[in-house]
Amino acid sequence: MSRYVLNDRDTFVRQAVEGLEAAHPGLVRMHDDPLFVTRRVPARGKVALVSGGGSGHEPLHTGLVGTGMLDAAVPGAVFTSPTALQVREAAQAVDTGAGVVMIVKNYTGDVLNFRIAAELLEDRHRVEVVIVDDDLATTSEDESAPGRRGTAAVLAVEKICGAVAETGAPADRVRDLGREVVARSATLGLALEACTNPMTGTRSFDLGPDQIEFGVGIHGERGIGTRASGTAAELVESLVRPLVEHLGLRRGDEVLAIVNGLGATHSLELGVVLREVRRSLAGSGIAPARSLSGSFVTSLDMRGFSVTLTALTEDLIELWDAPVRTPALTW
Amino acid sequence: MSRYVLNDRDTFVRQAVEGLEAAHPGLVRMHDDPLFVTRRVPARGKVALVSGGGSGHEPLHTGLVGTGMLDAAVPGAVFTSPTALQVREAAQAVDTGAGVVMIVKNYTGDVLNFRIAAELLEDRHRVEVVIVDDDLATTSEDESAPGRRGTAAVLAVEKICGAVAETGAPADRVRDLGREVVARSATLGLALEACTNPMTGTRSFDLGPDQIEFGVGIHGERGIGTRASGTAAELVESLVRPLVEHLGLRRGDEVLAIVNGLGATHSLELGVVLREVRRSLAGSGIAPARSLSGSFVTSLDMRGFSVTLTALTEDLIELWDAPVRTPALTW
Amino acid sequence: MTTDDTRLTGADARAWLLAYADRVRRDVDELTDLDRRAGDGDFGWNIATALDRARPTLTDIPDTALPPDAFRAASDAHLGAGGTSGPLFGLWFGRLAQGPGEPWSGPALAHAFQSAVQAVCRLGNTDVGQKTMVDAMVPAVKALEAEPLAPAWRGAVARAARAAADGAEATRDMLARRGRASYVGEHARGVVDPGALAVAWFFQAAADTRAAA
Amino acid sequence: MTTDDTRLTGADARAWLLAYADRVRRDVDELTDLDRRAGDGDFGWNIATALDRARPTLTDIPDTALPPDAFRAASDAHLGAGGTSGPLFGLWFGRLAQGPGEPWSGPALAHAFQSAVQAVCRLGNTDVGQKTMVDAMVPAVKALEAEPLAPAWRGAVARAARAAADGAEATRDMLARRGRASYVGEHARGVVDPGALAVAWFFQAAADTRAAA
């Protein structure tokens, strides 16, 4: 039995988007059949930023549509990539001539459907694609493997591409900057409890009371190992250390730290986590130039969090600081 | 065993506030010993708005400190009112001469400690108190009883008092407006799962898979009845109908609708709930002039939501729309 | 419409796809559970929804239709389903929909499925042994091709069904190298790939239509 | 320091409060559980923390101290604890801290507790029968007053302990009319009020110090 508040599975995502529009009528607009979300007031004369993916990760991406961020977001069913048709329609709706940059989290389904959409658009639109693959837990030796998953670094990519697109930068510059942010970012997450299926209420996996699952993504799948739980300081350290190492961060480097709740994690907990991230980084002589904490890239009702680090430049800091006005992120 | 990410219970709240400050260094400032939060840049020449209460309800109140809303927030331990001493120190820190308005959710402990603080401040500060008691589930015949609990309407009170205080209104006007919002507001909530204790991990009560608890507050206590669950439409209807009746709303009335997640409720669910609230109101000929949806007044990791309705006037709409810039609410 | 019982008619393909849709609807929980154990749990719902959507279109296909008409309905429904399996099955059925505009002989059928699986391997950047739907598709095609002169399509498809079932079963002990299951490493071992199982059900469904035929 | 064993000295009060702190620390889960069942679950932690905080101050109180010195330490610690019980117990102990600056006779003790419970009833806007801490405090005071001429404080407090325990037990069947338990209606029935139970433990703790004395 579902422990979610919903009417029925088939209409869940669509009705949630109706609610999003009702809560932010000045910011976003819902398009039906196929389903996608655009800014209420379309931007003109700039590259159109389009993202999307399976639902269950809200406020990503629908909550990030607005000035300084996305032009359109395309939600699929829960944990299911949207169709190529949806993506194509959304891109057509927001391209005002400067071309489209698609920001795609690296999952087979998303990549397939966005690429098919890009092919369908090719003859009449300029389309660039940025694949976000920040999840260190899924690093693989296998060259032909699907590669690392895309998780919370997509926030940084959407914010920074959004800011530079707003300045009127051309599509290739927006794309290159997006890829630069991807290259400079890495994420690791852990779960204290798996998410539950919206219809059956069953958990996607079980953990003992003193266990955590290390290296989880955002689709309820297991991570790379079940480990003993620990204090916030210990848990954070186990995530931050590999990130610092992977990014090759050194004393004095400027980073953006994103503490992301996976769904059922409380704001008090996220506060403690951010504190510990800063302490852990301080141990390596690194003070985050910017920090963000909140549940932005969720995995339904999963209990846990991820930490994303992005190595910053002065340019990236300026773009991160640029104004943004969306349902979920405004400054 | 705790399923929360924390270091230890004694430092939980303080460390979470450190994280809040780290995430929003431009907006808020943490004061230690006693613990309270103020705006980073103190406001001058206006009434100081102070609120607070037990922790576990974040982002309330610490996340609502900033321009257009609170001047100070005073967090107690989890579900435990702050001490009178904390409240006194916070009020002293932010009163720049125009007096203090305290916004207090109606719980015995909060009322006791804020009233004691007000008495302690009396000789050197002008202090007004607004008690928020919006929770319809706790309406009682008994005149001397503690009265209705304060829940999510506190958001509307803080937003509107904050906006009018920003215009330089005197303390009694801010207080009166706060009381008017209270009188015009009512809330009802329900839970699909109780919250869990941060240290033991045990739930405060148990529900069957097809049950909900109707009329819950925000401290994990049971509501006024265990009922069969239902679709989002049915659940929302059971909350909205008594609210409309209690407030005596009529066709054409303008209301503010606040859909509030109680902790572990997903953003998709809150979207569906807001949709259903609007449909339910539409059934009575009422279209919400303003809507807000999000997890603002939480009850740790409780699964569920509340609906608050506030009957609006043109003045109140204007104050609701006035700019606000806090960690959790910005427009 | 031909009455030559050895060739696949549009009506045969329609009955086959409807039987497949019934099977998926009946056992959707099994697919969901497999994807939950080594993926994200949406596979069963994805394809059951797609096939349910195809059902009315299929039902409306006249007896005089040709196989491509039926496969096109399945393709369109899958393309509207999203996920990973949506476009891949959409392409698979889409290629079948490009097959000959006449009732299909055994060799024609083998040829159509051969072209379809090639397209899936290309789009999915995969091949047998990576724990995906193609681990059932490829052996099925081999079985269809094994006796290219088999006169009756039903016999060929029955053999394909056995090969696909074996192929699906063989995914049980594989480590996944494609799709979400590739992220869970050893946890996927012991779990049959739901995509491959669905393919096996698809071929088996032809047999379920025999009594009716 | 008096050696008159019938009067409560500062050292007696110190030992009494330390024994109470030990008892609360030992059985804190019982209080937590009661508050969980008919409140918000923080009561045990609130007062255990407050008493733990009082412990070092209490331990440092010299043998020559007077009862108000010990009660003041308890009062300060509770006032720093917040919640509902924090200010109420803070006030209760605070009134005791305003008692006579000399060892307390039975009547002095009765008088001090009488004034203390009145203050609690006023601040809490409550009286007996509403399922709060005063349901143990009031009977305890009555027991202390019942034999105002009782020479030894220990005997009077032992009687108060029994009365407080009965008072706490009597809250079991009450509907709560104050505090958070008042919001849960019938769910509070069958649950002893943790505040009243703590008061009973407080009076019982005096007995635990007897052996040591």
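A, B, C and D label the chains in the order they appear, each numbered from 1.
Basically, a contact is a pair of C-beta atoms (placed from the backbone, for glycine too) under 8 Å apart; a residue touches a chain by one contact, two chains touch by 3 or more.
Predicted model only: the values in this text are computed from it and were never measured.
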Practice problem: Trace the shortest chain of touching neighbours from chain B to chain C and give its length in steps. | Solution: 2
Quiz item: Where the centre means the average of the CA atoms, what chain is farthest from chain D?
Solution: C
Exercise. Find the geometric centre of each of chain C and chain D from their Cα atoms only, then give the gap between the two centres in Å, rounded to an integer.
Key: 75
Exercise. Please work out the Cα centroid separation of chain A and chain B, and write it as a whole number of Å.
Key: 29
Practice problem: Compute the distance, rounded to whole Å, between the mean C-alpha positions of chain B and chain D. | Solution: 33
Quiz prompt | Approximate Å spacing (C-alpha centroids) for the pair chain A, chain D | solution = 54
Quiz prompt | Per-residue overlap in chain A, given as positions that touch at least 2 other chains | solution = 78
Self-check item: Contacts with 2+ other chains: residues of chain C
Solution: none
Quiz prompt | In contact (per the touch rule at the top): chain pairs | solution = A-B, A-C, B-D
Quiz item: Which positions of chain A touch chain B when the two form their complex?
Solution: 1, 3-8, 12-13, 15-20, 22-23, 55-56, 58-59, 63, 78, 192-193, 201, 209-210, 229, 231-233, 235, 259, 263-276, 278, 291-295, 298, 300-301, 303, 305, 330-331
Quiz item: Which residues, counting only chain B, touch chain D once they are in their complex?
Solution: 9-10, 54, 76-86, 107-109, 112-113, 116, 137-138, 140, 142, 144-146, 149, 197, 202, 204, 217, 219-222, 224
Quiz item: Where on chain C does chain A make contact in their complex?
Solution: 36, 38-42, 45-46, 49, 79-88, 123-125, 177-180, 182-185, 187
